[in-house]
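Each structure below is given as C-alpha cells.
In the two assemblies presented below, chain A is common to both, partnered first by chain B and then by chain C.
Then we have the complex of A and B:
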C-alpha cells in the first residue's frame, strides 16, 4: 500500500509540474473543435447532428498525444529498471500510470467538451449522455493507448498510432452512438461501454505488463 | 553472498558472455572490464534481476526473493531522475533513498558540492551533477550488495576521490560491490574481463 500511495503521489507531482502534458491535448482539442464549424458548416441543424461525432473524434485524437508515450519517459530514464530491481508490482505501476494520465489529460477534455456543446449546437438534454459515454470511453481509450505505448516502447510513435486506432474504433462508434440516440436507447450503449471497460481493465493491464517485460527480454 | 554459476546471456544470435562463474564474498570489490558492447551493463542488469532470460544460476544468500532485493543497491547507466522535478523531490520519491534520513542525504549532496541545488530542477543540472544526486543515496545507504554501472562517469576528479573513498568504506564495512569501469581501480580485489567470455 505504501508503494502504491508513494507512486501515485509521484505521478501526480510529475504531471502537475509538466504542464505540457495537460495543455497540449487541451489546445489541440480547442483548435479542432473550433475549426470544424468554420470549415464544415455553420448551420445549427447540421452542426447539432455532427456534434457527438466531432467531439468524440477530437477527444480521441487529443488523447492520443499523451497516452502513447505514457511509459516512454520511465523506460528512457531507467525508472522502470528500478521497479524491476525492487520487485514492485508492475500491474500496480501500469494501473496508477493510466489512471493519473486519465485524470490529467482526459478529464480536462471531458469538462471542456461540456462547454463546447454550445458552439456546436449540441442538444442540452443529451449532455449527460455525452458526459457519461465520454467518462467510460476515454477510460477504455486510455487502456488501449497504454497498450499501444507499451508495445511500441523505444520505437517510432507511428507504430503506437497504428496499434491504437483500430482498437479505438469500437469505442468511438459506441460512444458517439450513445451521445446521439434518444435517452431511452442510451442504456444499451452505456452498458456496452461499461462491459468493454470491465473487460479492458484486467486484460489490457496484464497485456501492458507483458508488453513492457518484452522490452527487457 | 552471491554465487554465479555457468551464467550465459545471448543477444541477437550471439552470446555476450558464456559460462561465466564467480563468487562475491563480503568485503569484495569486483571490477567488470571489457570493450564497449562486451556485456558489462547487461551483466549488472542480469545480477539485479532486470533481465531474466539468462542461462545458468544466480544465488543470493536467502535467495533473490523480495527480502533479498532490498539488500541490493543498483546504480544504472541511466540515473532514473525526473527532469521536471527538483533534486529534493527526486530524492523523496526515489526508492534508493528509502529509509535514509533527509539530513543525511543533504549532507552528502553538500559533500559533493550540490548544497545550492536542492531546489533546482534536474533539467537545469549537468550530467555530472545528476550523477551526484544518486551517488548521495549510494553514500548514505547501507546495503549488503552494490551493483554499480560506471559510478564515476561524468564526475570531476575531486568527486571521484570522494566516491572512491566511500566505496572503500563500504568494503571495509563488509558490503560487496560489483562495478563496471574502463578506468583501473586499485581497490578492486578481483577483475572480470568479459571479453574472455564472449563467443
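Then we have the complex of A and C:
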C-alpha cells in the first residue's frame, strides 16, 4: 500500500512540475474546437447538432497527445527500467500511471467541455449526459492510449495513434450517442460505457504490462 | 483418445520447428496451389457463365463471387491472427509470431478487396459507392486494425519484441472487434433504419449458392497458398544464416 501511495505522489509531483504535459492537450482541444465553426458553419442550430460529435472527436485527438506522456519519459530516462529491475509490481505502476495521467490530462478537458454550452451552443439540458459520458469514456480512452503508448515505446508517435484510435471507436460511438440522444436512452449508453470500462480495465492493464515487458526482453 | 491427443501434441511441437515446417510446406505447396487454381477457375467460370442471373440485380450481382469470399476470408484471417497471438503470448511458440507477420498483409489485402468489390457492386445497385452501413464500417475498421498490426511490426528492429507486440495487439483487437461491431450496429440502427439488406442467406437460390461455396473454398485455398509462401519467405529471411537453411539452398542448386 505504501508503494502505491509513494508512487502516486511521485507521479503527481512529476505532472505538477512539468506543466506542458497538462497544458498542451488543453490548447490543442481549444484550437480544434475553435476551428470547427470557422470551417463548417457558424449557424447555432447546425453547431448545436454537431456539438456532441465535435467535442468527442476533439477529446479523442487531444488524447493522442497525452498518451505520449504516460510511459515515454520514464522509458527515456530509464526510471521504467529501474521499476522493472527492482521487481516492483508492474500492474500497480501501470494503473497508477494511467490514473494520474487521466487526472492531469482528461479532467481539464472535461471541465473545459462545459464551456461548449457557449462556444458550440451545446444544449444545456444534455450537459449532464455529456459530462457523465466523458468521465467514463476518457478513462477507457486512457487505458487504450496507455496500451498503444506501451506498445510503441521509443517508436514514432503516429504509430501509437494508429493503434489507439481504432480501439477507441466504441467509446466514440457510445459517448457521442449518450450526449446526443434524449434522456430516456441515456442510461442505456451510460451502462454500456461502464460495462466497457469494467471490461477493459483488467484486460488492457494486463496487456500494458506485457507490452512494457517486451521492451526489456 | 489418448493416442489422438498425443498425435496432436507431437504435431504442435513439430509445428514450432522452422526446418520441419519448411520441408513439409515445400511438399504441400504444389498440391495446394493446383487445388486452389482449379477451384478458383471452376468457381469463377461456374459463377459467371453458368449460374442464373438475379431477378432484380441482373448480372451485376455476379461480383458476389469475389466479394463474399474476400470478406469471409478477411474476417477469418483476423480470427486466426488473434489465436496465433494467444499462442505466442502463452506458449512463446515462435512460429505463431511468424504467422502473424506473414498473414497480416494478406488479410489487409483481402479486406481491401472486399471493400473495393463492395463499392463497385454498390455503385449500380445502391447508386452510391459507399454507405455508412454497419457492415461496411466494421470492415473498414478491420482494415485499420490490419494496418496497425503491419505498422507496429515494421517499427521494431528486434523480431522477438515485434512478435510479442503484434501478438498483444492482435489479441486486444480481437476482443475489441465484436464490441466495435455491436456498437456500430447500435449507432447505425439509431441514426437511420437500415434500409439496405445486402443479401439474406435464405433468399439465395441453390444454383447461386453452390458456385459461391466453391469460390469461398477457392479463396481459403488461395489464402493457404499465399500464407505458406509468405511464411516460407519470412523463415528464409530469419534463418538465412543458419546451417540447415544453407544446406537446403545448396541441395536445391
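Going forward, the second predicted complex is superposed on the first by the 215 of 217 C-alpha atoms of A that agree within 3 Å, B and C clash if a C-alpha of one lies under 4 Å from a C-alpha of the other, contacts with A are read in each partner's own complex, and residues count from 1 in each chain.
Here is the rule we go by: contacts are C-beta pairs under 8 Å (C-beta built on N, C-alpha and C of every residue); 3 or more make two chains touch, one makes a residue touch a chain.
In this text, all values refer to a predicted model and were calculated from it rather than measured experimentally.
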Query = Looking at the overlay on chain A, is there a clash between chain B and chain C, or do the two fit?
reply = fit
Inquiry  = So in the superposed three-chain picture, is A:197 touching just chain B, just chain C, both, or none of them (first/second/both/neither)?
reply    = neither
Request  = Check whether A:86 is in contact with chain B, with chain C, with both or with neither, and answer first, second, both or neither.
outcome  = first
Message = How many degrees, to the nearest 10, separate the directions from chain A's C-alpha centre towards those of chain B and chain C?
response = 90
Inquiry  = I'd like to know which partner A:57 touches here: chain B for first, chain C for second, both or neither.
reply    = neither
Query = Touching A:163, do we find chain B (first), chain C (second), both, or neither?
reply = second
Ask   = In the superposed arrangement, does chain B or chain C reach more residues of chain A?
value = C
Request  = Would you sort A:17 into first (chain B), second (chain C), both or neither based on which partner it touches?
outcome  = first
Request  = For A:103, select first, second, both or neither according to whether it touches chain B, chain C, the two together, or no partner.
outcome  = neither
Task = Once the structures are superposed on A, label A:77 by its partner contacts, choosing first (chain B), second (chain C), both or neither.
result = first
Query = Of the partners chain B and chain C, which touch A:9 in the superposed model: first, second, both, neither?
reply = first
Note = Taking every C-alpha pair between chain B and chain C in the superposed model, the minimum, in Å, is 6
Request  = Identify the overlap between the chain B-contacting and the chain C-contacting residues of chain A.
outcome  = 217
Query = Inside the complex, what are the residues of chain A that reach chain B?
reply = 6, 9-10, 13-14, 17-18, 73, 76-79, 81-82, 84-88, 216-217
Ask   = So in the complex, which bits of chain B are touching chain A?
value = 45, 48-53, 66, 69-70, 72, 74, 76-85, 89, 93-96
Query = How about chain A: which of its residues touch chain C in the complex?
reply = 147, 151-152, 155-156, 159, 162-163, 165-167, 169-170, 173-174, 177, 181, 185, 192, 196, 203-204, 207, 210-211, 214-215, 217
Task = Could you pull out which chain C residues touch chain A in their complex?
result = 89, 141, 144-145, 147-148, 151-152, 155-156, 160-161, 164-165, 168-169, 171-173, 175-176, 179-180, 182-184, 186-187, 190
